[in-house]
């Protein structure tokens, strides 16, 4: 039904298993690198989930951080106020985020290009202001400190070392799932909508249904990674839903290479690491950062992924 | 509620609307002609204000007299960037086929201008420092009192007048002059415009000049009122996009109308729901408008 | 199968990026001579919309470290300053602090400006037993969570706001008040504490308005306040917004008594607001005009080095470094537990006055109340309260602006 053969699923799974094994010894590099790796993984889930919406369906979103924030707040409030296990909370966060995705997805069906982008931008701002203004529920703009860590049985998931493996496992599963979705019949239909909406409609594709579905899938995974973030950093604030956060997620997706799913992973890794490498330059670093974005987008429209492909073609002649 | 409060709020809302419209018009023009969503638009507004400040420091005199100079300078920067960064992209798009190509181009433009915005904000921070700067002007300290306890500073009224005049000039320019007609033709159909012998790439440069110098002019006339600092452009660009989208992208009159609509919505929203909900009301109005008219109030380019 | 090959290329590239970066990031030199110096981190917003305050903090930190080192360091060890920019963003700040803990192996971290960032980095620092010296963030919660390694060298929101409210209610005796605050943690907490406090003293709150960060036009809020006709208007805002609020209030004909918190104590504020600042009553923890020798020495050194007057935030950072110096010296060891105890026992003359801490690590600094007045044709802050520092008398707005 999904249009994926077991063979394909297995073959892709092998690559993920390989990556998983290769990344196992990373925490030996110390807590700082481990922390960055964890952040890269959380961003990877979010950027890859945005890719379903942007890269596959051609629906531009400038409010993706709102779903990340909704996931984080849901899981936090459930576990702190109602004593729900954070594991359940994270799942609930993903579900609530995708409910909001549905709420945003339906009215924006008719919107295209920049109209959709700015509407989602508006949604992000509204979510942020609601998190600030509804302080009886969200504790207002100061945010929520003291969020419980993930319960890990014998493992202390406050330590970066053990959290890394949990995150690695969950990220592999989440990104693999997204990958399968992108290769399934759903993914192919979404791509046909991106290529030509009217043509897809004329061959009998239920375009509105699939557009909304893309929103639901994409926001679900954004919510999940938001929940993970909340229980990892153990502090959240309404700034999570700010426009600048949405823009940095979008940058990862586009600069990495949208519509490829592996591209956003590269984008998340590259941009996070770049920020760190540029740290010593303090207030001068955004000159370099901004210029690099301009250069990559001017010369490699398909992002870092495209660049890597280009290199590998060159190498093989 | 006191009627004077309502009247005052309405006037203030309309004045804000005028500012939104002035910043939004350049943004909508660029989109209309080149299909470029310029997320660095606010940075030209910021550069305009800083250049005016630099001119006041170097030459002396009033910022309102030096504003046109700074607007022209920023306009030239706009043309340079257009040639340097965007020109090859327009050419690529000319040859591309299919609906998806336009979407990819949108994404690329958005990312490029976001990168440009990051770069320019940091450039201003490095050159002029982070501390907000007040530009002295004789107009800011003059306050005009109206009957009924209403009063406004002369600078604000000046800003409103300058914005209105530049909009009228722009509108007549587009309606009457040859270049203006060519811009409108390019906006409606670039390939047809090219066929009738219009040099569309030159039109792109002209449009970029008009758009960036309008933004710079707004920055120069608002700088003395609100002070000048590196992130001032980021504070206006999101609102400018909301205005442009609500009006219909590429639609000049739509943007002006939407500017006033959003200005009023914020004022009245703050009055009735509390000022912490001002922005929520503005964004909800936009979403409502788009619900009924997916291409903005007056309809924009697809 | 080209699709799988692309996938392979992609995944290998991701891993290659991560591994190369991990090598680059870990192979950074670990400082010149590990034994001779102690590293202290400073986190501050050096970019973004709050960069002006980050500059105050950075300049004071550099000055403080030079001062300490020029006098032989602390217990014979020189201080090495590690500065990181946070842009007031929690994710950048947590990465910066993680780097300071693991790579730089800092002894203590001084920061941050934004309370939300301080709260975000606090757990990681506490768990790795690093001192967190908070010089600016005012959110009361920071020192209320029972962390042993946290100390704050400035007055917190509760201290400054209640003392401010008491002064207003007792000395200015308004019957009604309006409140205007930035719609973030600073503004919300400030308005809540102040409103509750003055209500207890019988003042009626007639308007409570907010503006979002990044707002430049405050006339809609001010027009509502004007219609409510309060005796006094309490504002919580940073210098940029505060200057615009005063300008625009006068523009729409709102000439009432304004009062603000400590964030506006800087020369740049007076330059931005100009004569519109006249009559403003606000909190200050630090007056550059103070006649105390320690404060004068600090001001003189700051002006000499940076060619500008130090803002209040600079004084907070300076005192944070001095707290560390005196605490380590009185503990006689760098042992972090003993130093944390010593912080709660030291008492010294800092830029802000006599500094000593309570059990929670909150400095018990003296709060000054000042009014902006014209002295010899120049704007300056005149201390109204407490009596011991009093420099002048309160001038009501009617005398400044007429009726």
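As written, the chains take the letters A, B and C, and residue 1 is the first residue of each chain.
By definition in this document, a contact is a pair of C-beta atoms (placed from the backbone, for glycine too) under 8 Å apart; a residue touches a chain by one contact, two chains touch by 3 or more.
Worth saying up front: this structure is predicted, and the values here are computed from it rather than measured.
Asks: What chains do chain A and chain C have as common neighbours?
Replies: B
Asks: Using the touch rule from the top, work out which pair, B-C or A-B, shares more C-beta pairs.
Replies: Of the two interfaces, B-C and A-B, more C-beta pairs touch across A-B.
Asks: For chain A and chain B, what's the span in angstrom between their mean Cα positions?
Replies: For chain A versus chain B, the centre distance works out to 32 Å.
Asks: Using CA atom averages as chain centres, what separation in Å is found between chain B and chain C?
Replies: Result: the chain centres lie 35 Å from each other.
Asks: Of all the residues in chain B, which ones touch at least 2 other chains?
Replies: 122, 125, 276, 279
Asks: Mind pulling the residue numbers of chain A that touch at least two other chains?
Replies: 129, 132-133, 283, 285-286
Asks: Could you say which residues in chain C touch two or more other chains, in rising order?
Replies: Residue numbers touching two or more other chains: 46-47, 51, 183, 212.
Asks: If you look only at chain C, which of its residues touch chain B in the complex?
Replies: So the residues of chain C touching chain B come out as 46-49, 51-52, 54-55, 183, 209-212, 214-217, 219-221, 223-224, 226-227, 239-240, 243-244, 247, 250-253, 268, 271-272, 274.
Asks: Quick one: in the complex, what on chain C touches chain A?
Replies: Contacts found on chain C: 1, 4, 6-11, 13-15, 17-19, 21-26, 46-47, 51, 83-85, 89-92, 94-96, 98-99, 101-103, 115-116, 119-120, 122-123, 127, 139, 141, 145, 183-185, 187-189, 212.
Asks: Applying the document's contact rule, which stretches of chain B touch chain C when the two form their complex?
Replies: 2, 4-5, 8-9, 12-13, 16, 19, 122, 125, 129-132, 134, 140, 143, 145, 149-153, 156, 222, 226-227, 229-232, 234-236, 266-267, 270-271, 274-276, 278-279
Asks: Applying the document's contact rule, which stretches of chain B touch chain A when the two form their complex?
Replies: Touch residues, chain B against chain A: 31, 37, 85, 88-89, 98-100, 102-104, 106-108, 110-112, 114-123, 125-126, 238, 241-242, 244-245, 249, 276-277, 279-280, 283-284, 286-287, 290-291, 294-296, 302.
Asks: Under the stated contact criterion, what part of chain A meets chain B in this complex?
Replies: Chain A residues touching chain B: 54, 58, 60, 107-108, 110-115, 117-119, 121-123, 125-126, 129-130, 132-133, 194-198, 243, 247, 250-251, 254-255, 258, 283-287, 289-294, 297-298, 301.
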